[in-house]
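What follows is subunit A paired twice: with subunit B in the first complex and subunit C in the second.
Then we have the complex of A and B:
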């Protein structure tokens, strides 16, 4: 068990399945899967459409420990229908967040002096394009339910988003990730609302060429999101690196974690509005124009430099505004 | 004219059955051209019960042969195999079944 866990640590986060990520992010031997394959809760809608089903409906949910902290984990599987959120998938996600908040309420009710290091947290490893169109109404409703649960967690349970898997985090789930407290990404992680292919489909190749990987990554990828301030922590592509960043964030007090969120206060909204102003003033044609506005004299160098060098040289919009 | 998922069930018996000790194992992801399987210990008088759920029709005999070979090569007995498939080829099916079994060991 332990050697299996050690092996997982070295693995690429990008290449790892949902279950591997869930196992590797928490302390060795502490992960217990809830509503897993054993329970066979697959989509009731897909069979009617003749579409393949999965025993876990494309999401792994469970509980584990990071240090003394109980963590409630959700990990999406992008290889199953692009990690899309259907009824069961969404219910599992909403309920793992609900469980974390209920655990918090019960723990604090029985012990109001419970140290912060023992209070629950939520971890979500995103790998999704958003709503599963085959069961769109249920999927959309699930998004709303997850957002509801996030709101109930405010002031109580920190929610940490991890983005570094193949599909990235797009569609409605892009909103959900943005509503979390902290976003940890690798440079291969991608975060956005409308995915590259959809933009091309709707607006044409001249507007956005989804086959241009460099363009896609400098518009939606981890490095860009780090410069923009949408991503709080940028890490290397390994399970160990994500876990390390997670441990560091969870080591902070709740108030400090909540302060890292993109939303939730007047100051944060004012920061976002400043970025809108900046956009109007400079009319950027490319992500690199924005990087320049952030104070990066040679934005071209930023795409290819090694991650360590990038992190020490890069100037972020959050530093400037 | 609703299109439904295709369900195939049958029973097999290994020629040289061995004891299969793990009570439950799950392996695989239902990606495109891929599949997942649950192997579960069941008292079936030495038999192996197979259930396959797949969008593909017309390959029931191929499934049976691939599973027959797996059961005979490995000696799996007293087990139920549940497969969710999404257009996996026979080669992929054989590979995933063997991987699932090695997870158990």
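Then we have the complex of A and C:
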């Protein structure tokens, strides 16, 4: 299949590798990869452990355009060690965010009246289980650096998270995604902190059966996260659908985008605490109990109904509380 | 002086055993679940041949759990004759001494424990059979005295509804009951009137409503999300180089991702080659969820199934033109008939394997697991009794070069038997080997024969990511071994290939690479799959397919 931009649009986001996603999310012909495979910056740690390296260390970073807006893109590759964040991978991620913020500072310094539509944004397509255990210290440090960069972007550069790839977004990267301004997911995307297998290993199969994929998805999947309010936009599983949602979000003013974030103000924290109270009050045994609390009379029907119907039918906690 | 010989000892024995169970039988043939152990202890005797129903799909697991709780003073050294031993309880039976001997067809996940039990003398193995072969012996020398079976519904008269998962039940019950044996059924539900009489009440002695439904394994469900680009390439080669080439209409697919990939590119690549209606019209096949797109696209005229597949029941019932439904509207599978169909009425078997040796013998056995092959060998062999012709069968027979060595000029067809195998499997274990692990297993587990799934003389095609080897076109063993080397990639076997020899075989059409077949490798990727996830299978089925929880990724 040709990798022409038009063909990429129709492709399943879930099925697409990191580079295809990066290429397809921005306008045709505008993507330039930075620190790409030709530069051969690979992990210095993996060879010591006898593990194979990849020349992009499992992440594609670069710049492109969406309309007039310069976008700084990071796209993780779950097929390389589960998209885990090692030293180089993490440095590429932190630096693409840093570049976006520096670009913003320079652009605004030379032209304080730069219209919003031309101001930079960051998009991160997550496909990761979190820190790479082979180089855990460097990987964890990278998480902190990325969060730091996120903070520096506040008030300047919006950060949009896209989650709909095979591995999902777990571990420390779950925190990172939660610290972004907007999360766009498909129903196949999964977002969480501790991954299902790890919960099962630590707490036992009775607590969480990781082989029960229906359970895993209704606890961490896109539909659930949408009901919870963690995910702002739920889209179909194609690159075009993710791109469409991105265009819509990036068409807003920065202030509107920042308002979509789950964190960042006392009000938002109070809302989060309200959800904790609700949890204590109702003691849900299953995600479906939460869906019921959100006002969905027949939570059983929500898992299987087609996406369009789901989006028009579903009641979200954000509507209610 | 002629002594008066008794000719009804079986009957007398049956009545005597049943009288022991009498106190626990109420309201016709109903036994309460809590009396299960009592009735088993009443009707089963030392050394009895006992069948616990179960195969690679459904399991009479409640009765198995009850049997192991019986008093080992009263019941021990049973001779188990049963299709499969895939549950831990089946092997526990040998550990505690309830059972001693075993004749079976499929060990599945318990293969390792079977080998271990043989080794430490807990289990005496008769033989590893195919399903059909074992059923045959039920009617000759391995007739069960007591059979413990399972059904969806039962009534007080003993009538059973086995429905979608009828599977082995008719074969077991017929052999047992018509030799005056005892049949005890666990049913998911006691009802006033069964949905359909699959087993007549007269043939059943006791009916027990089990606390939980019988265990069902979705063994034939393959998640399209896990199909690789290489598997797509091999599927393209299969369709263009074998299905299309021979015009294979009637066939069986083995379990696995290789054949799932084929099923999923029929509506895309197959359609593009213009093969719709010319191939894959009739199957002996379990209701594979990955068949849904091909069925919905109108490729398939008929499917008869060995068993039912969890989650596929509603879909099958809604596709009555394809599946075998009863007058009540629900499907009935039947392993004995479907295996017979697979053996005699199919032109091709295609499936995966674990190892192929340098001679072309193929096996899924490993050194420490006695797993058995279920039904594969019955489909993966040339049916020597077959007399009816078909185009695919005749064409393959005409190409079978060494046939004239035995038959002279007499024409005869040949079944296509295809093994698909990547040169390196999981964890980079080579698929092509000098000697099958089956030899080591035979030594470890004291078997008379190395367990071979498909023998080299039945195998007509080997399909790897390198290409197809047309084994039956070879003149002799030497040429066959060269053909295997030519498609065995970078394995030790493949590295022994001489390029001139391989080239000569390509010129003769004995080896065909993707290029020889005119297949564009660039196109060999997952985008050809008609469904890339279980969710898409559900969508193809209009929501009729209800996948088990573990396959739901949304």
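Quick notes on this structure:
What we mean here is this: the second predicted complex is superposed on the first by the 318 of 321 C-alpha atoms of A that agree within 3 Å, B and C clash if a C-alpha of one lies under 4 Å from a C-alpha of the other, contacts with A are read in each partner's own complex, and residues count from 1 in each chain.
The rule is short, and it goes like this: a residue touches a chain if its C-beta (ideal position, glycine included) is under 8 Å from a C-beta of that chain, and two chains touch if they have at least 3 such contacts.
Bear in mind the structure is a predicted one, so any value in this text is a computation, not a measurement.
Of the two partner chains, subunit C is the only one touched by A:215; subunit B is not.
Of the two partner chains, subunit C is the only one that A:303 touches; subunit B does not reach it.
Looking at the shared chain after the overlay, A:80 reaches subunit B, while subunit C stays out of its contact range. By the touch criterion stated above, A:187 is placed in contact with subunit C alone, subunit B being left untouched. In the superposition on chain A, A:223 contacts subunit C only, with no contact to subunit B. Contacts of A:12 after superposition on the shared chain: subunit C is touched, whereas subunit B is not. Of the two partner chains placed by the overlay, only subunit B lies in contact with A:37; subunit C stays clear of it.
For the contact definition in use here, the subunit B contact set and the subunit C contact set of subunit A share no residue.
Taken together, the subunit A residues at the contact with subunit C in this complex read 1, 11-12, 14-15, 166, 187-188, 211-215, 217, 221-223, 303-304, 306. Subunit A makes touch with subunit B in their complex at residues 17-18, 36-38, 40, 42, 46-55, 77, 79-80.
For subunit B in complex with subunit A, the residues that touch the partner chain are 2-5, 24, 26, 29-32, 34, 36, 38, 53-55, 82, 84-87. Of all residues in subunit C, only 225, 522-523, 525-527, 532-533, 535, 538-539, 543, 549-554 touch subunit A in the complex they form.
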